[in-house]
Structure formats: C-alpha cells, structure tokens
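Given below, in the form of structure tokens, are the structures.
Both complexes shown next keep chain A, but they swap its partner, so chain B is in the first and chain C is in the second.
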Partner chain A sequence: MPQFSLYEEEFQPSPWQQTWREFRTSHAAFIGLFILGLFVCFALFAPLVAPYDPIAQNIDALMIPPSWNMNGTISHLFGTDSLGRDLFSRIVYGCRVTLGSSLLLVLVALMTGVTIGTIAGMLRGVRSSIVNHLLDALMAIPTLLIAIIIVAILGTGLVNSMWAITLALTPQFIHHTRSFVRNEMKKEYILASKLDGANHWQLFFHSILPNMIEMLVVQGTLALSIAVIDISALGFLNLGAQPPLPELGAILADGLDVAYLAPWNVALPGLAIFLIVLSINVVGDGLRSALRKRLSR
Partner chain B sequence: MNEVMRVSDLVFEHSRKKRWLKKPEIFRLGPIELSVQRGETVAIIGENRAGKSLLAKMLVGTIAADSGEICLNSQRYNAAQTPSPKSHHRSNDIRMIFQHSSEAMNPGITVGKILNEPLRLNTNLDEVECKQLIENTLVKVGLLREHYFFYRHMLSDGQQQRVALARAIILQPKILVADEPFAALDPSIRSQTVNLILQLQKELGLAFIFISHNLGIVRHLADKVIVMENGQIVESGKTETIFRWPQHPMTKKLILSYQSLVPQQTLR
Partner chain C sequence: MIRYTTLFVLTLLVLAALSFSLAYLFPGDVLVNLTGITPQNDIQRSALIQQYRLDQPYIVQFAFYLQQLVTGNWGYSFISGLPLRNEVAIALPATIELSAYAMLIAVIVGVPLGCYAGLRSYSTADYAINTGSILSYSFPVFWLALVFILVFSLELGVAPLSGRVSLLFDVPHRTGFVLLDILLADGINRKLAFTDALHHLLLPTLSIALISTAAMIRLTRRSVIDVLNRPYITAARSRGLSKWQIFFRHILRNALLPILPLMAMQITTLITNAMIVETLFSWPGIGNWLIQAIYQRDYPALRIGMLAVSSVVITLTITIDLINRLIDPSREKFERATV
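And then the complex of A and B:
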C-alpha cells in the first residue's frame, strides 16, 4: 500500500501510438509506408492527380517517350502509348483499379475467412472439421489456376476475376484463424474470462481478437500482395479487366505489342506493380515486428 | 448465516478407455464433504496427483463433477453441470486465482481491460464508475493507478500475481479459491501477498480456500487444513491439531518433512 499519494503519469500512449512508435524505428518499413501511401493516394484521388483522361486517344501524340528522354515533352510525364493515351494517367488510374480491387477482395476474404475459421475453432469434433475443410478443395489448385477456371465458367471481366481470387484466398484465412482460435481457447486466460461469465461471442471479441491482430496483419499483407499479382496477371492474360479499362496488367499487355518501339510502355507499369507489391510486403513486415515488439518490450 | 459454502457428496470420476494391452486408468475424486465459514481460511495440502487442483476447479465450476451438490450462500448448485454463462451470482460469489497468474492474463489487452471484463459482464456500472472501482482495487492490492494502462509483459511476476488478486476481489466475492498462489513468488513478495490477503480477509470477510505445498504458509495462514491423498480427504481439522497430532500416515509424512526443516519442535 503506498503511504504517500503519487501524481499520476499524465500521458499514457494508446496501443496504436505504441505500435506507431515501434514502426517508425524501422527505416525500411517507413520508406515502404511512404511509397504505399503514395500509391493509395493515387488510388483514392486518381481524377485529381491524373492530367488526362486515361481512355482518351490522341492521334497527334503517338508513342511520345517519357519526359526525361531527349524527345519527350513535359506535358506527357511518362510518355504515351501506341494509341496516344497518356501513360502517367493510365498508371494512376491503374493503381486505382488494381490496388483498390485487391484491397476490397482481401477485406472480403479476410472477413469471411475469419468468421468461418472462428466458428470452426469454437466448435468441437466432426462439426469443427467439416466447417474447417469446407473450402479445402480450392487449396489443392494454385490460385491463378482457380481464377482461370472460374473466369472460364463465368466469363472474363474484372468482377469475375475478383470473385475468383477472393474464393482462392479464403481457405488460408480459415485455416490460420481456426488453428489460432483453437490454441487460444486452451489457454488459462480464456478460462478466467469464461469464469467471469463471458459467452463465445464476448470471448472472441474481447479476449482472442486483440491477440489475433499480428496474425491477421501477416496473412493480410501476404494475401494483398498475392491479390495484386493475380489481378494484374489475369489482366495481362486478358482474362480479367478488359482492355479499355486501365488496369496495370492490361496496360502491360497493351504495351507488349510495341515493346521494341516504346519500351517505357512495358517498363513503367511493370515498375508500378513491382513497387506496389514490394511496399506492401515491407510495410507488412514492419507492422508485424512493431506489433510483436509492442507486446514484448 | 455464518456458513458461506457447503459441499456434499462431490464425486468426480475420470477413466480412460481401456486400450489394447493397457490397463484402464481410473481416477476417482471424492466423495468430498466440505463446509466453509465466513472469514475462514482453509488450506488443502497433499502430494501431487492427489486431486487438489481438480477439487479447486470443481468448486468454482470450471469442471463439472459427476455428482454432488454445492451450496453457495444458501443457494444450491448442481455440481454435475457446468454453470451457464448466465449464472451471474456464482461468479459474483466465488472467484479463483489460477496457478500460473501470467498465463491467466491476456497478453493482448491492458490490465484495465482485464479488470474491466468481470465488471462489464456482471455489474451494471457505467464506464466512470468502473474505472474508479478498478483504480481503487489496484491501489488496494498495492499497485499504482498507472498500471491500468500496462500490458502483461511490462509487469513482474509479483505484480502479475497482484493483478490476478485484484481481478479476483474486484467483484467482492464471498469466497476466494486459489491454486498455489504463492508458488512462484520470492519470500519477500510472498509475505507481502500473504499479508495482503490477511488484510483483505479482515476488511471484506472473505473466505479463502487455497492449495499450497508450503506448510509454513499453511500453518501461518490457515484456520483449517484438509489433507488429500489419491482423490480422498484423508484428514481434516484445525491447523494446530493437524500439525501437532497428525493421525493419518500421509499427514504424518507431510508434517514430518516440514518439521525436519524446523528442528525446534518435536512430534508429541
């Protein structure tokens, strides 16, 4: 018992502030966050950032090299493609399509996966197994192949390819969540909460979910980078987004026809995809170690 | 109404299915008769695998017994059912401190949230009142108000033990059940905790049931001792009686092993 009264600490950092403090100490992760933030800004504010309409063709300006080239003009920052469309605007809009749709589908896959996985983890015996292995057949085939099969059945298009990739990503979330929930349920603090009278719902939200964030971040970033690659791969193969839609993979495929005459049409969208995936992975890694350090220091 | 808890005919049977070339293992606990008065301290001693922890868990209701009855505060419970989450009175009246207090703390949430959980589930206090009560309880167990914002990894073992204690007493229970609460603590923290519990007992009129291997603490703390062997209560009675005139061979062994460390006293 303290015999004297002490002043209270005036400022207590919240969990998010602590995570941010740990995150900032890693420079690589910080640079990654900056790059990812740039792409997210492109995706959010594409109409404001892009100088031209991404679909508008300009016959007077075919295959203009990027601005840093001797023959380039500053009015077309990244040059133009074989139809005279401004490449910079197309890449900005391409970020919106590729990154935006990937984010959306990963969120959907994460929600369904965590829901089903939690139900499976809370259930016992055969019922748990059935729920757990509900979508396992999808894991036997590589993601891209499932996507191709689904696109073959439903027809090409961005939305169909998004459904396909969502379906392919969900089983991993189910399995990871289920094994995690299983493990946690055996621990004593869950027993203590049960003694307090918590039901399964409250147990999940107040006891298990705070511990699950690290796992969700790891799996979520992995899934996000897979989703970006798959969306652009399907676009590249002409199975996903259809040509007039500026999608990074589709832009890449368009540029491939004139790769010898205008190599920037291939290099720049490819670079954009590469940077998006790299920054997602770097940020995910930094976030994971920040979350882990928050709970160990 | 001095009796806060009465246990009658509590039986638990655990048997593994017989397998090929293997004898079936049968562990039988009880029948247990037990009665606890208000403000009384009961110690359970015995060797490992005697069923002490199991008994403690059955008393608080985490494990369902096979038959028997537990009377809490003149309210009867059928011990053969695990309590449904809705039986609030039970978690209000009887609370448990776990053997490993660090495992009994959720690593992902702050101490404040851990302590808030029983309040949220069992009382109708609003947020301000909850915070006030949590801070008062923290101070009561010898922590600071700032510990509200701390995570498990920031606390030492002794502080974790205090949080476990705070969590147990925050609902003002009638009975506290503790499974080796002092095992992992160093002597000074241990005596602090013991004194804390004695003080709380004086303040709240708490009945305290604890399991311990440390007979010194048992002798210091307990009014009544229960000796268990192989799932049976082999001897029970007043602490001094047990320590001076042990009857059962098991009790004699335990007391002798303790007294061989304290050579001043001899068995009469």
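And then the complex of A and C:
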C-alpha cells in the first residue's frame, strides 16, 4: 500500500464548501440557520408579511388576546396592544428595525475595526502598544455606560443608540484583527510575498484578508447577537428607539404598562428577541465548530 | 509590576480626562456641568469661575479637576443637591454586591458543569448542558427579569418585587453591602433581617447569574476540551495515572488558566446586565442611579458615575490581568483565548 493518499475525486471542494458540509451535518445549527433566515425574510419583506400598519391604532380592537386564546380572533394573529395596534405586524416591523439596525452597525463596527486593527497589527513598538492599551481601556467600559453618555450628548434616538453600540463593539474587532494580523505576519507565506516585493496593501488584500474572513464571520455573529440584545435593551430603557417606532425592546416597554392585563404584549416581543438571539448564537456556534473540524482534519 | 502600575495610572488619567471633557461635551453650561451648582447671580458666577479655574487654559483646569477628584470634592447633583461623593458611596457598593454574588454563582455552578461537559464531550449529558447554556445565554436580561417578576413575585409570591431589604428593618449604612450591614447592625432581629435580605437578593442575582453561568460553562467546556487534546494528557495517561489524578493535577489547572482573562472580559457584560436589572427591581445601585440621572438630565451625576463605574471595572480588569501574568508568566501579555 502506498503511504500517501492522493485526493481521488475529480472535484476538490473549496474551503467554504468544506465548511458548509461540516455545518450541514449539525442539525441544530441548520435549524438555527432556518429560523434566522425566517427572521431576515421578515426584516426584508416586512411590508408584504405584515397584515396591518404597525402604528395604525384601532379603538375597536383594544387588547384582543392572541388567536389561540378563546377570546382571540384570527384577524389579529398575536392579538393587539393597549392602543389597538396589531402585535404581529409590530413584531414583524420590529424585526426589521432591530435586526436591520444591528446588522448595519455590526458591519460598520467590522469595517472600522478591521481597518484600525490591521494598521495596529502592522505597526511595531511603542505606537502599537499605545493603541493596544487604549483599546483595553475602551473595552472595559460597559456598553450601557457608553450608550448613556452618547445619549446625554446627542439625545435619544435609534441612530444615536446605534452609534453607541458601534463604538462599544469596534474594540473587539480591532483586538481580534490585530492579534490575527500579528500572528499571520510571522508566517512564511507572508515572508514569501514580501520577498516577491509585495507592499503592505498587497500583503493585506491578497494574503491576509482571505485567511481572515472566516474569523471575521464568526466574530461578526458573536457581535450581532450582542448588538441585538443591546439595541433592544436601550429601546426598552427608553434610551434608544422612541415609542411610535416599532422596535422590539420599545414594544416590550410599551407592553409593560398592561403586563398584568395583557401579558402577551410582554411575552411575545421578548420571545421574538430571544429567538433572534438564540438563532444567531446557534448559527455562530455551528459555524465555529464547523471551522474547527475543518481545520483539525 | 511597574508596567502594570503605569498602565493603571495612565488609564485612570485617560478616564479622568474623558470625564473632564464630558463637562464641555454635554449640553448646557460648562460651569454647571462641572460643579452641579447653578449660580444665582453674576457675582457668584464669576467667583465660581475663579474658584474652578475656568478662566485659565484647559491644562490648568484639568489639573485642578484632578486635584478636586483626589480630595473627594466631586461636585453636586443637579436633582438632589447632595454631594455626588456620598451618593456614589451608597450606590456603588450595592451594584458591586449584586454583581459579586452573581459572579460567585456563575463560578460555583459554571466551572464544575463546564468541566463535566468538557470531560464527557459529545455525549448526551454534554449536549444537554450545552443546549441549556446556549438557551440561557440568549435570554435578553430585561425580559428574563420581567418573566421572573411575573412568575415568582406576582404568581407564586415567593420573592419580593423590589428593593434591598424590607423597610421594617432599620439597617444603618456602614459598609454599603447589605448583608454585612445587617450583621453589624444592632437593635434589630438579625436573623429575620438576613433572610429578608436574601429573599430580596434572590431574583436579581438569579437573572444576572443565569447569563454569566451560561458563559462560564461554555468557556470552561471549550478550555477543558482543548486541554484534553494536548500531548501531556496522553503522556500522563500512559504513565498510568488515575482519572482523578489526571483531572486534578493536569486538566483542571491548565484549563482554568485561559479562563481567567476571559472572566475579566465577562465583567463588563456582568456590570451592564446588573445595571439593567437594577432598574427593573428598583435596586438602589449605580445603574439605577445613572439611568435616573439620564432621564432627568443630571449631567454632573453622569460625569462622575461614568468615572466611578469605569474605574472600578478597569481596576478589576487590570488586577485579573496581573494575577494571570503572575501565575502564568509563559503567557503572552495580552493574549486572550476564544469561546
């Protein structure tokens, strides 16, 4: 028997396809991806999915229980709130606001983080050390505190709370990018490119970035789950999205006034946030273990 | 050691500079933001400006600000008119107490469960623990606290809704930690007061601890699995050591090392969660205080509150980093493990 094994098949799967294969073998991760996809569809096609206008009030239908309740009607699937607004429509639009803004802010944080992190990773000596220490200081300030300060300076609003969370998430991306770039810079393929005369830009775009994307995706899912929780927490505390805007945390805070009479107004938006975060976490976990399995082969 | 001291001092300086600049960034009068005193007339105003060196360059102002901070003159709250130092001294220990108990639960429950799941990795028990931890990790903390209130306080009535201790007990403020204060207090039924305080602590602590515990389990499990795959475990096994010997001598020590710096990162999440939970349970902590301050636009309070909370967190983080470096000098300085 020959000691080496040649790859017999004609078709060689790319790294992404290998990861996808590993990912598919985990049922939990796949279901998570499905649920996440559902929420993303809600977010993208909210006007098509939602049966009512999310801020239209209907005095004839105050606090109708959900449709599975004895007193509920099928015309309001999740019931209505204390102003007669259809809860299902509000939650669908809420997914759009919460998930959409979280996705956006994670992308912004990722871009800034990667840029600064790469620069910090390629720097050496004192400057790099200063960046590192400043980052550690920034990372130690709790998100809520940053948000409170930004709200105090700029005033409440969804966009301001997005800035606050972006500011809180960026250091993590910087940190990971920086240590990744530093580790890669020591490897031999980088040395080879350097000997070929590649400058810093070429090194980054052709050699480091392709290897970094997987790490970024995993970090991105982690950041996304934090972002969803934080956006809704700020909305809940009345520091982020303001009431008429259907944001899941703000809907929950609205429902709090009638929590005893109409508990579904608290339960269902909370459940929606929980499911979004859970599906993101499950997908992130599946992705991470898929990558780990692929690399350990 | 010297490195860490300079790092610590520099970070605190940066934070102080940040809080100083907040006085300029916040809307409204700089003088009022900095002192919390609204001057009644022009004479008092110019006297205050003189006193706080506001007519001099920024550097001098900042130096004076630092001096004020060190001597404990932190300014006054807009709303209550009380010295901020006293208010922070009451609020901060309450938050630290809550977070400390939550962290304690997280370590006591999370580490053993994580070790068990890691040792039995990819078995049914491991999947059960993993599922449980990822479920509780995904709870938004404010919703979890609301569900706890609905179920345990309103439906079952096993735990009180808000506050730290029943108003029937007149507990004097000494250390700021309610359990210690009760033990030190005279003239009340200590046992009754103690159980009452524990009842008050139950729900807020649980809602914070559940999320931290889940994070702890995941970190420990990953770390144990990583250690299990190392060659020195195989070597220990081939030397004929028993399972328990391997676990206590080799796995546990090496697995817990990378967790320590991650715990430092957990502290910020923990404090954020504690601050949110405090508002729901009307816990008289710094989070509740800060959120009331932002609702009422109490800018001096926000400035000092930000400085106090971030200083505490920085102190803890740097201490943990230092301890980590002392017990494991082989580690790279700021290396962090992954979940």
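Of note:
Convention: the second predicted complex is superposed on the first by the 270 of 297 C-alpha atoms of A that agree within 3 Å, B and C clash if a C-alpha of one lies under 4 Å from a C-alpha of the other, contacts with A are read in each partner's own complex, and residues count from 1 in each chain.
Note that in this section contacts are C-beta pairs under 8 Å (C-beta built on N, C-alpha and C of every residue); 3 or more make two chains touch, one makes a residue touch a chain.
Note that this is a predicted model, so its numbers are computed, not measured.
In the superposition on chain A, no contact is made by A:Ser289 with either chain B or chain C.
In the superposition on chain A, A:Ser67 makes contact with neither chain B nor chain C. In the superposition on chain A, A:Val266 makes contact with chain C only, while chain B stays out of contact range.
Of the two partner chains placed by the overlay, neither chain B nor chain C lies in contact with A:Asn58.
In the superposition on chain A, contact is made by A:Asn281 with chain C only, not with chain B. Counted by residues of chain A touched, the larger count belongs to C, out of chain B and chain C. Judged by the touch definition given at the top, the superposed model places A:Ile141 against chain C, while chain B stays out of reach.
Within chain A, not a single residue is touched by chain B in the first complex and by chain C in the second.
Chain contact summary for the complex, chain A toward chain C: residues 28, 132-134, 136-137, 139-145, 148-149, 151-153, 175, 179, 222, 225, 229, 232-233, 236-239, 249, 252, 256, 259-260, 263, 266-267, 270, 273-274, 277-278, 281-282, 285, 288.
Contact residues on chain B toward chain A in their complex (touch as defined above): 60-62, 85-88, 91, 95-96, 98, 100, 103-110, 113, 117-118, 121-122, 139-140, 142, 144-146, 148-149, 151, 153, 167. By the touch rule above, chain C contacts chain A in their complex via residues 7, 10-11, 14-15, 22, 25-27, 131, 134-135, 137-143, 146-147, 150, 154, 265, 267-269, 271-272, 275-276, 279, 287, 290-291, 294-295, 297, 299, 302, 305-306, 309-310, 313-314, 317, 334-336, 339.
Interface of chain A with chain B (complex): residues 1-2, 6, 8-9, 12, 15, 187-189, 191-199, 202, 206-207, 210-211, 213, 294-297.
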